[in-house]
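In what follows, subunit A forms one complex with subunit B and a second complex with subunit C.
So, the complex of A and B:
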């Protein structure tokens, strides 16, 4: 199981190639408003996250994920459930 | 667990049934059925038609036990799962009307999704509604304030008492299902399709469109709330007793290769997808991986649901050649929910037929003049268009000009169709029905097309419709989002699409406002941009211009095509002059000059 900080760091790495250069990615960064992710990019990111953490992200958690922090907490929960 | 076989123990009958329940009764005597796979391509449920029939009938009694009356609407959040099948066919046996609802949600999009579900539930006046545990919280919230008899998860319904009642399945003249058009989410319309209409379309599709054979096997990642997913890849294969392998749309979008893996493993012979699906595969499969797949059994790869371009199909065919994929398998087709599904199919095993015409005469005189000798003409004038084939038997087609006059071959106009599978109308919306359907049965498709001897060629689709990544987006929906902002007046936004430098469609919205402060404009643009992304998951360019600078139509509305022209002209002329200047400032500067 990964710690929250590990997850946060990993997500930041995963998001990096999808956002404009120089764009800061912090816990409170809004994935849609700040990073401008469209639905196809989101799918690619989810694929990478699922593979990296070996988890399954149910579709129904997406509507409530707004920030990088929401995303990390959700992954932590899913990661913990699998243990 | 084993998937249902392709080979059946039962003689093939091609949709010669009067109702969907009757079709399932026959299929249930064989060994074929529906199969469901996880995102990793692992089979998690095999559902032979025999079992589907029994479970659907038991559920039908429970629905009747709830007090749901005949003809009532049963709303189903249509996630790709066996539960959807039980409910859809339970409605058939109970004489109720299933209404598939979208199961598509976006990052941070809770509010938008709940609002959409609420609107869809109220328009169809649903009496009961079902969603899987995953979607139930959204559905429950959406149903608040509406008078629904029962809202629950599949299990909640299975737990209900099953009374001993005689089942009277939905009859030939009754409504088989209500299909929301993939149209506007702000102003959705529920297409009413009778048993007679859908069965006639299933017969024509199977017999003349795809030429179904015993032991054909289908695969699909299309959503069940989409006409092509539901009619094309649930009802059609069922009505011909074929086995089908399903992948959830979301899993396909994330890992398109799994679709190819499933088709390889199961020796799939039939599949249908919008061009977008083939394009996504072509983008995500590396050339050295292609030989790992086996698409040699795929005799029909249907293409429809959006304007077809040849390049992505060619890319897919070239890339997948080592898998044994034969490009002649591509079969363009044309249709819409208002016609149950299909109006025309191009001939099987002949690949994509292209009509190459002179773009100048098409644009200026609405005439599609064929180009005989490509070498002698300016390449910019060469426009390849896809022949969508001849109308299915029973269908009449007319191309009409704006005055309603019928046009001869190769003259471009609005496509009207009349045939046995046309809808009865839009549920509870006589006005919208009258706008598109004449009393003598002609349906105005809204699409622009011309006819040639051996087919219909679509040149432009429903007026103003924007299609991004295979999804239909209606400009009025984007405009509505903009108009929700306090700075924007109703009627001051105009959305349209342009083709970007990669040749893809890009949504643009031009908005008139009175905001002279540059920072405030940037903030406003950003806000609208975010709203669009949260609701529709697309990237829309937002441009603000001063009030009274966009052209209006005679009725006083902003002209979308006019706004588009202004946009293209200004982008070409103004943006190059002053870097980082927004269109608002550029317009003012231009006026000052």
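So, the complex of A and C:
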């Protein structure tokens, strides 16, 4: 099981190639409004996160994820559930 | 701030497209000449993206059946299947679909979209799981969203990824429905269905196959990929549409599970939609019988598909992974795709331009679909139009 800080760091690394160069990525960064992620990029990011943490991410959780922090907390939950 | 502000981004994208290609959002079919030709925006064009795989929208027997049924039963049912909208034609079509697919049960829906909405939102409930191929059609995703099941994707056509997920989910000890398509609508590639059926059986899951693009196209009798792959017994549910090879509009699900009939009572998309009009049901019944009686249409379709695939491959276009009646020309650059689409229109060829996010990999597609009704001369013309459009585009880029 990964710590919240580990997850946050890993997510930041995963997001980096999908956002414009120089774009800051912090806990409160909005994935759509600030990073401009479209649905295709989101799906690619989900696949990468699933592989990195060896988890399954149900599409049902996506409406509850707005910020990087929401994303990290959701991964932590799924990681803890052993999903 | 207004209620329409959320559309600002769409408006900007549309404006940018209109500046490059003004006709794209304003294509109107003025006059349909045949299953493969029409007058569009005043120009006579070959229809090369219409999903009219067997050309049956203009079959004289289908047209006559629709006219006769309309004269006898009126233009519409004005009611849901659950109220006053089940006519003898609907029941007869369900029986004929069950016979065609060699299944015990069938339900007819008003559209293919509604068939997926109805089945996926109803069949799988809370604490159960839908495991779908990532490239599944929007109607499958929307059906999932309407229901209460947990939705998990697997990588497109990746049997190892599917098995990895099924293995992980096995400990949840719940019902899992695997959802795939026979032919994928964007690139025309088949699902690896015999492998999928094997892992589905290994992990005790259910399997739903959407044969929207493969009914009448694949299999010795036109029953789709499940027939071609020899795994019909493993496909618990087959969903499909009447709006492609059958040349009309409507959808269906067939199954050997006797509980299929109960979906009628639990499914809001089935209960709260007006049923198909008598004319549509009659032409669909006739078209379904033609799948039996005229197998040469399927052979002609495949000859045409292989001919166009080969022509476009020889011209150096990047295509979908395998020849099929859906011939997808892949373009990484959206502007280049628009330029080629526009040139094709100028040369009298109407294909579907598909832009992200509707495309699988974020690129653009010039999506052709072949018909048994296309002549060799028309396919030659389509090939020449692509060659000319490509030359025009190259000249514009170098100039």
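Some notes on this structure:
FYI, the second predicted complex is superposed on the first by the 82 of 83 C-alpha atoms of A that agree within 3 Å, B and C clash if a C-alpha of one lies under 4 Å from a C-alpha of the other, contacts with A are read in each partner's own complex, and residues count from 1 in each chain.
Here, contacts are C-beta pairs under 8 Å (C-beta built on N, C-alpha and C of every residue); 3 or more make two chains touch, one makes a residue touch a chain.
These numbers were taken from a predicted model, which means no experiment stands behind them.
Of the two partner chains placed by the overlay, only subunit B lies in contact with A:32; subunit C stays clear of it. Judged by the touch definition given at the top, the superposed model places A:73 against neither subunit B nor subunit C.
In the superposition on chain A, A:65 makes contact with subunit B only, not with subunit C.
Looking at the superposition, the partner that touches the larger set of subunit A residues, subunit B or subunit C, turns out to be B. The residues of subunit A shared by its contacts with subunit B and with subunit C are 38-40, 43, 47, 56, 58-60. Against subunit C, the residues of subunit A that register as touching in their complex are 38-40, 43, 47, 56-60, 83.
Looking at the complex, you find that subunit C touches subunit A at residues 134, 144, 150-153, 155, 165, 168-169, 356-357, 362.
The part of subunit B that touches subunit A in the complex is made up of residues 39, 103, 105-110, 113, 134-135, 137-138, 250, 253-255, 469, 526, 529-530, 533-534, 537-539. The touching residues of subunit A, counted against subunit B in their complex, run 30-33, 36-40, 42-44, 46-47, 50, 56, 58-60, 62-66.
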